[in-house]
Amino acid sequence: MWGGRFAAQPDDAMQAINASIDIDQRLWREDIEGSKAHAAMLAAKAIITPEDNAAIQAGLDQIAAEIEGGTFPFSRELEDIHLNIEARLTERIGEAGKRLHTARSRNDQVATDFKLWTMRATREASDGLRALQKVLVKRAEEHAEWVMPGFTHLQTAQPVTLGHHLLAYVSMAERDRVRLIGGALEAAWECPLGSAALAGTPYPIDRDMTAHALGFHGPSHNSLDAVASRDFALGALSSLSIAVTHLSRLAEEIVLWTSPQFGFANLSDAWSTGSSIMPQKRNPDAAELIRAKAARIGANFAALNGLVQKLPLAYAKDLQEDKALTFAAFDDFALSLTAMIGMIETLSFNRAALREAAARGYSTATDLADWLVRELKTPFREAHEITGKIVRRAEETGVAELALLPLSDFQAIEPRITEAARALLTVEKSVESRDCYGGTAPQRVREQAQRWMEMFE
Amino acid sequence: MWGGRFAAQPDDAMQAINASIDIDQRLWREDIEGSKAHAAMLAAKAIITPEDNAAIQAGLDQIAAEIEGGTFPFSRELEDIHLNIEARLTERIGEAGKRLHTARSRNDQVATDFKLWTMRATREASDGLRALQKVLVKRAEEHAEWVMPGFTHLQTAQPVTLGHHLLAYVSMAERDRVRLIGGALEAAWECPLGSAALAGTPYPIDRDMTAHALGFHGPSHNSLDAVASRDFALGALSSLSIAVTHLSRLAEEIVLWTSPQFGFANLSDAWSTGSSIMPQKRNPDAAELIRAKAARIGANFAALNGLVQKLPLAYAKDLQEDKALTFAAFDDFALSLTAMIGMIETLSFNRAALREAAARGYSTATDLADWLVRELKTPFREAHEITGKIVRRAEETGVAELALLPLSDFQAIEPRITEAARALLTVEKSVESRDCYGGTAPQRVREQAQRWMEMFE
Amino acid sequence: MWGGRFAAQPDDAMQAINASIDIDQRLWREDIEGSKAHAAMLAAKAIITPEDNAAIQAGLDQIAAEIEGGTFPFSRELEDIHLNIEARLTERIGEAGKRLHTARSRNDQVATDFKLWTMRATREASDGLRALQKVLVKRAEEHAEWVMPGFTHLQTAQPVTLGHHLLAYVSMAERDRVRLIGGALEAAWECPLGSAALAGTPYPIDRDMTAHALGFHGPSHNSLDAVASRDFALGALSSLSIAVTHLSRLAEEIVLWTSPQFGFANLSDAWSTGSSIMPQKRNPDAAELIRAKAARIGANFAALNGLVQKLPLAYAKDLQEDKALTFAAFDDFALSLTAMIGMIETLSFNRAALREAAARGYSTATDLADWLVRELKTPFREAHEITGKIVRRAEETGVAELALLPLSDFQAIEPRITEAARALLTVEKSVESRDCYGGTAPQRVREQAQRWMEMFE
Amino acid sequence: MWGGRFAAQPDDAMQAINASIDIDQRLWREDIEGSKAHAAMLAAKAIITPEDNAAIQAGLDQIAAEIEGGTFPFSRELEDIHLNIEARLTERIGEAGKRLHTARSRNDQVATDFKLWTMRATREASDGLRALQKVLVKRAEEHAEWVMPGFTHLQTAQPVTLGHHLLAYVSMAERDRVRLIGGALEAAWECPLGSAALAGTPYPIDRDMTAHALGFHGPSHNSLDAVASRDFALGALSSLSIAVTHLSRLAEEIVLWTSPQFGFANLSDAWSTGSSIMPQKRNPDAAELIRAKAARIGANFAALNGLVQKLPLAYAKDLQEDKALTFAAFDDFALSLTAMIGMIETLSFNRAALREAAARGYSTATDLADWLVRELKTPFREAHEITGKIVRRAEETGVAELALLPLSDFQAIEPRITEAARALLTVEKSVESRDCYGGTAPQRVREQAQRWMEMFE
C-alpha cells in the first residue's frame, strides 16, 4: 500500500525530488567553462589569489578530462552537477576549491550553465536545419521539372513541379533557422553570472569580464530577473515546436507519397523498416515517429510555459523541470532531423505516377480561365464560369485530361477558344506558364535552387 | 435527437462550417489595402486598364467608408470578408469589379491579409509592452530604496529593493518585445500576394511592386509555402504566450502582495472589485483574470500548432481556425496588458510591512558570510557553516533580526567578528552593499531606471 | 498609444474583465430552474413565506418566457446572468425578489447552474454519438463483405471488410459514450447548492430537497470543495477531447479515401464544397474542420486544467473562464458530430477501387503463413520466412496478387504447398477466414452489426 | 555538422527510432502473463501440443525469474520486450518457442500488455489517492474546530475550520478515484488479444479463455479498433491530469501556508529542504515539484491525444510514444502523491496564526447580514447594505474584529441589533453556525470525517 510503502522513507522520495544529477550532468561542460571564467575573474579582481586560481583552473581541467574519460565518480548524494564538480574539485585541490563559490550562488550558476547549453543546442539545431535544406535543394534541383499534383484539401488543384514542392520546405526551414538563431542571439545578450542568489553580490566583481569570456554581450541588468527567468528556454522550445511542425508536415507527405495508393515515392531500405513476411513492404517508421515527436516537443513547451506561469519571483523548485523538458525536446528534434535528412536524401520518386496524378481532375482548368482573361479580356469571374462548363463537358465525355478534349467541345461553349489555347492545357505547359517570381515553373525552381546554394556557401 | 435534428439540414451545418465572416471581417482593412495595391499593380502592368483601376480604387475607398460607418451589408451567404467586399465592389462599379481578382486567388489573398493583420497586432502588442515598461520604471524609481523580502521558494531569502523587483519585469518585457518585433520583422520579409492558388500565376505581374506597397521587403520565394504556411501566426502566438507568462507571474505577485497575509500593497478602487457586504475588501479580479488568460493564450498556440502539424501541402480547411485562435489571443493579451498597466499605475505599497517582512528569517545571513570571506579570508563554504551556527543562536535567543543579536553571541562562535560587521546586517545595509552591476542596491536601481528611460525616448 | 488609450478608462477594462453576461447567459435555463428549487425549499422550511414563494415561482416563469421570446432586457452593467435575472425578478415582483438570495451565494449558484448545464450538454453529446453509431452500423451492414485494404503505417497489410472498418469507430464511440455518461453520473452525485459563499450557511435549509429537485443524488459533502472545484467540467472536456480524437481519425480517413489518389469514396454534394472552375471537385471541408476542432477541444481542456492548477481554495476569478472554454468545446463537438453524421450517411464507396487496393502488396501473405502453421505444423517463425521467399518470387515474376502466382512457384520454395492452399489466397477467402470473435469476416461483421442494433433499441 | 555526422549511419538513427526496449521493458510482467495465457489457450484448442505448452510455461517462468533476478540479457538488436522474451524462450526451449506466436501478432500483444499495465497502474494510483485521503481525514479530525480564514481571491471571506478545508481535498480525491477506477473498469471490458495484426485470425482460438485468464470481461469486439485505439491510456492520462491538478492546488496552499507571510504551518524537516546558512529555513521543494509535475502530466496527455488525432487506422509507428508518455505520467504522479502524503502527515499548524488571520477583514460580516434576515426579516439584499455600513464604521473606528465593535455603533445604523446578535460575530460562533450539511461547523467536520473513515474500512 502506498502510504505504507513510502511513509517510512522520506529520504528516498526527497532524494528523488531533489537530485537532478541524472538530468543535469549534461551541463558539465558549461559548468566547468563557467567556473573557469568565474575563477579567472575573481583572481583578476584580487578576490582570490593567483595561486588559488591556478589550482582551480588545473583542477577543473582534470575534472573535465575525468568526465570525458568516463571516470568521474558521480554521486546522487551531491544532488546536482554543480555540487558534484565543486566537491570533486575540493577533494583534488583542497582549500582553494572552497573559494570558488565566492560571489556566486547556485542560482546564477544554474541559469548561466543552462543558458549556455541552450544557446549551443539552438545553434546546432539550426545547423541541422541547414543540412536538411542542402539535401532538399539538391533533390529539388534534380526534380526541377518533374510534374506532380498540387493539392488543396488533398484534392488535385493545379500541377506543380516536384522541385518546387521540395523547395517550399527550404523556405520554412529558413524561417525556422532565423527564429532559432534570433533566440540564441537574444539569449547571448545577458549573462546571469554575478546575480548570485537573487540580489547581486557585495564583492567588487567584474561582470563584463565573465560575460565576455563566456561569449555573452554583457551582464544581465537585473539579478532577480536573471535567476528567475527561463524565457530563453521557452523561446528555444517554441521555435523548436514550430520547426518540428514543418518536419511533421513533410513527414506526413512522405507517409502519403510512399503509400501504395499514392505510389509517388519509395523509401530506401536504410530509412524504412520491413517485414519478414512481406519483404517488399517498406514502412515509413521514421516519418511516423517525426509526427509523434512533433506532438511531444509542443507539449514540452506547453509544460514549461505552464509551469513558469504560476511562479512569483525569484527561484522556485518548479523550475528544476526546465532542463528535462528542454533536453528531451532538443534530443527529439535532433533525431527527427537526422531521420528526415536520411529519408529525403535517399527517397526515390516515380515520375510517371506523379505525372499521371498531376493530370487528373482537369487540373489545368485555371490555365484555360487565365487564357480567357488574358486573350479575350473576359472578366475573371465570368472566365471561371465558362471554364466550369467546359470541365463539366470533359467529365461527361470521359476524357482524362482537359488537353485531350476536342476543340469543338471547347468552342461549343466559347467559340473564340483556339487550338493554341487548347495546347496550353497540358500539365507541362501549365507549370511552365506559372513563371512569376516564386512560381512553380521549372526555370523558377532552378533559379531558387541557385539562390539557396549561393546562400549556403 | 441529434442525427434527426440535423440530418435534414446539411446546408445549415455546412454554412456553419464554411462561413468565416463572423471572424474574418476583422481583416477588412487589410483586405482593402491588399486589393488596392493589387489593382494598382495590375494597371501598371497593363493587365487591367487605368479606368478599371480608378473605379476599383474609388469603389474600395467607398466600401472602407461603409464598413467604418457601420453601413456595410455583411452577408453570411458570401462566406468571408473577401467575397463580401468583392461582391459589393462589383455591385457598385460593375464589370471592373470582376477584374480585380485577376492573377490572384483567395489563398494568397487570405495569407496576405492575415499576415498584415498579425504584423500590425504584433507591433501594437509590443507598443503595449512598452507602455507597461514605462509605468514599471516610474514606479520602480519611486520605490528605489524601499526594502522588501526577496523570495526563493516563497521563503524569505535576502532583502531586495522594491524598485529592483519591479525592474525585473521591465527586463522580461524587453525581451518579450524583442521576440515579438523580431517575429514581425521576419514576417515582413516575404509577401504572399501573387502566389495565387498555390502554383503562382501566368500573368506578367510585378510582385515587388505589391510587396513594397504593402510594407514587405519583397515577394515570397515559393508559392506553395506562401499559401500553406502559418508560422508567422505561430511565431506571434508563441511570443505572446511567453510574454503573457511574465504578466501572469506579476499578476500572481499582485494577488499575493494584496492578500491580507502579505499586506504589501493595496489595489486602487478602479482596478479591483468590491463587495457590498465587506466594503473594505478589494478583490484582485483583474490580476486573476490575467493568470487565466495566460493559460488560454498558451492553449491557442498549442491548438494552432497541433492543427498545422497534420497537414500536407498546400491549403486545407483546417487552417480556417487560424484566425479565430490568433484574434482571441491578441484580444486576451491586450486586455491583460491594459489591466496590468492600470493596476501597476495605481498600486500603493506599504513601506513598513515590506521592511518588516524583509528583516524576517535572518535574511541578512549571507551578508555575514560574505564579510567573513572578504575580511577574514574564510573559505566560502566554511563561512556558510559559521553563519549557520550564528543564525541558530539568534533563533534560540529569539531576536527578530540578525542585526539585533548582541556582538558577544557572534563572537562566541567566531571571535574575530567585529561591531562593524554586525552593523552591516541591517536590511538597509544589505541592499546597499549589493551594488554589482544588475544588483539590488538603490543606486543600481536608479541607474537602471535611468538607462530604461533613455531607451524609451 | 496603449497606456494612454486605456489608462483613463479603467471602467471599460474592468467591465470587460468582470462582465460575463455575453457568455453565461446560456445558463439562463439552469439558473431559473435552480432558483425555483431554492425558493420552494426556503418556503418549505419557512425561511420565506408561501406568498413570497408563489410570487417568485410566477416571476421566474415569466422571465423564462421573456428570455425564450427574446424580449428580456439583458444588461452588461448587471454583469452576469444571475444578477440579470434576480434584478428583473425584483423589478417585477418587488420585495419578495430580494428574499430569493437568502441562504445562498453567487458561488454555489454558479457552480450549480454550470454543473447542470454541463450534465445536460454531456448527455446530449452522448446522444449525438449514439446517432453517429447508428449511421455507422447501417453503413457497415450495407458493406459487410466489401473488401478493402487494412493498413498499418498506411501500407497495405491485410485485407479487411469495409463493414468491419466502419464498426471499429462504433466501438470507439461506445467507449466515448461510457466515458461521457460516467462523468455526468459522477457529476450528478453532489449538488453544490447550499454551500453558499464557501462555508455553508446558518439557515436551516434542506439540501436534500433542492438536490433531488434538480436531479442530483444528494448535497455535496464539503462546501469549500463545492464552490472551488471544476473537475466536473474538466472531466467532460477531457472526455470530449478523446471522443473528438476518434472523430478526427475518421475525418482523416475521409480526407484520404476521397482524395483522387485513393478514390475509395465520394462525398455527397451536400457535405462537401465545390469550385466554380472545377465543378467535379468535392472538397472535404467538413472533415478537415473536424480535425481542426479536435486540436481546439484538446486545447480547451489544457487551458482549463492549467488554469485551475494554480489556484488555492476557494473561488478565484480565474475560474470565470471555465464557461467560455466549456461552451466552445461542446459547440465545436456538436458541429463536428453533425458534420460526421452527415458525411457518413451520404458517403458512397467505390467497390472496385477498394477491392483492387486490397489485393495489392501481396496482402494475403499472412494467410499463406497461417496455412503452413496449421496444415504443415511449421513453427510460426519459420512459416514467415518461407512466405517471405514466396512473396519475393511473386514480386520478381510481376504477378499482382499472390493468388495469381502459379502453384509451381510456391512449390519451388515449399513443395508441400497445395492447390487448396493457393486457393485461400484471394482477398475474399482471406477476410472470410478471419472469423474469430471480433475478426473481419463478413459473418462476424453482420453479427456485430446485429449486436449493436439490439443495444440501440 | 549534422548531415555529415549522421548521414553515414542510418543504422544508428533507425535503431534509435525503432528500439523501444529501454522503455517497454517495464511491460515484461504483463508480456509473460499474456504469453502464458495465450499458450495455455493454444493448447486447450489443440493448436499446439500439451508438451509445447508445458515447455513454454516453464520457460516463461524461468525468464520471469531471470528478469526479476537481474540476469536477463536484454538486447537492443531485438528491439522490444516482446522479441527479447520470445527470442530468449526459443533459446531456452527450442522449437516450441517458435510456436508461441501462432495466432497472434505484435500488434495485439502490445495492446494487451500495455492495457494490462495501465489498468494496474491506475488501480495503484487510486490506492495511492486512498492513502492520501486517510492522512487528510486523520489531520482533519485533529483540527476539526481550528479556525482559519476561508479565502476567495486570496482575500479573507469567511472563517472556516481547518478540518473542513482539509476535507475538501478528500472529496476531490474521491472523485479522482472514481474517475481512475471507472477508466480501469472500462478498460477491463475488452481484451485485445486475438485481434492479431488488425484483422483477426483464422485459427480456432478461444478469445474468452484468454480474456478471462487475464482478468478481462471478454474479448474486444473489433480487431481493427483493438490494435489501433489507445483511449484506455488517454482516459488514464486525463484522469491523472485532473487528479494531479488537485494535488497542485494543495501544493500551492502548502507553499503559501508555510511562507513566513502566512505562517499558518510548518513543514517537517523530512519533507523540506534546508540551507546551510539559514538553518531555520525550510523550503517546500516537494510541494513546488508537485506543481511542476502537474504541468508535465497534463502535457503528456496533450501529446498523446494530439498524436493519435492524426492517425488513420490501424497501427502506425507514432503510437510507439504511448508508453514513454504514460509511464512518465504515472511515475510523476506516484512521486507527487508520495510527497504529498509525507508532507500532510507531518505538517504542523499554528493555531494562533490561523485564528488571528481568520478574524481579519471583518470576516463575520455575512453572519450579521444573516441575522438581520433571520431575526428582523430584512430582505437579503438590504441586509447586505446595512452590514456594509457597519463594516465601514468598524474600519473607521479601527477595531480589528466585528465582534469587538461597541453595540452602540451597530445600533447607530440599525437600532434593532441586539447584544445577542453582536455575540454571534466571533469567528468561533461563525463557524459553529454554519452547520448545514456540508458546512464548515466543527460538528459537521467530525461527521464527515466519520463518514469517510467508515468508507475506508
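Letters A, B, C and D mark the chains in the order given here, with residues in each chain numbered from 1 onward.
Keep in mind that, in the parts below, a contact is a pair of C-beta atoms (placed from the backbone, for glycine too) under 8 Å apart; a residue touches a chain by one contact, two chains touch by 3 or more.
Because the structure is predicted, anything quoted here is derived from the model rather than measured.
Across the two candidate interfaces, B-C and C-D, the one carrying more C-beta contacts is C-D. Over half of the residue-numbered contact pairs of A-D are shared by just one pair in B-C, A-B or A-C, which is B-C.
Inter-chain centre distance (chain B to chain C, centres taken as mean C-alpha positions): 33 Å. Taking each chain's centre as the mean of its C-alpha atoms, chain C lies 23 Å from chain D. Multi-chain contact residues of chain C, defined as those touching 2 or more other chains: 151-154, 252, 255-256, 283-285, 288, 291, 295, 298-299, 302, 306, 309-310, 316-317, 366.
Against chain C, the residues of chain B that register as touching in their complex are 1-4, 6-7, 10-11, 13-14, 16-18, 124, 127-128, 130-132, 134-135, 252, 255, 270-271, 273, 283-286, 288-289, 291-293, 295-296, 298-300, 302-304, 306-307, 310, 316-321, 325, 334-335, 337-339, 341-342, 345. By the touch rule above, chain A contacts chain C in their complex via residues 149, 151-156, 255-256, 258-262, 276-285, 288, 302, 306, 309-310, 357, 360-362, 365-366, 369, 384-385, 387-388, 391-392, 395.
Here chain B touches chain A in the complex through residues 90, 95, 98-102, 107, 150-154, 157-160, 164-165, 167-172, 175-176, 178-179, 182-183, 186, 190, 194-205, 207-208, 219-226, 228-229, 231, 234-235, 238-239, 241-242, 245-246, 248-249, 252-253, 256, 291, 294-295, 298-299, 301-302, 305-306, 308-317, 366-367, 370, 373-374, 379-382, 430-431, 433-441, 444, 448, 451, going by the rule given at the top.
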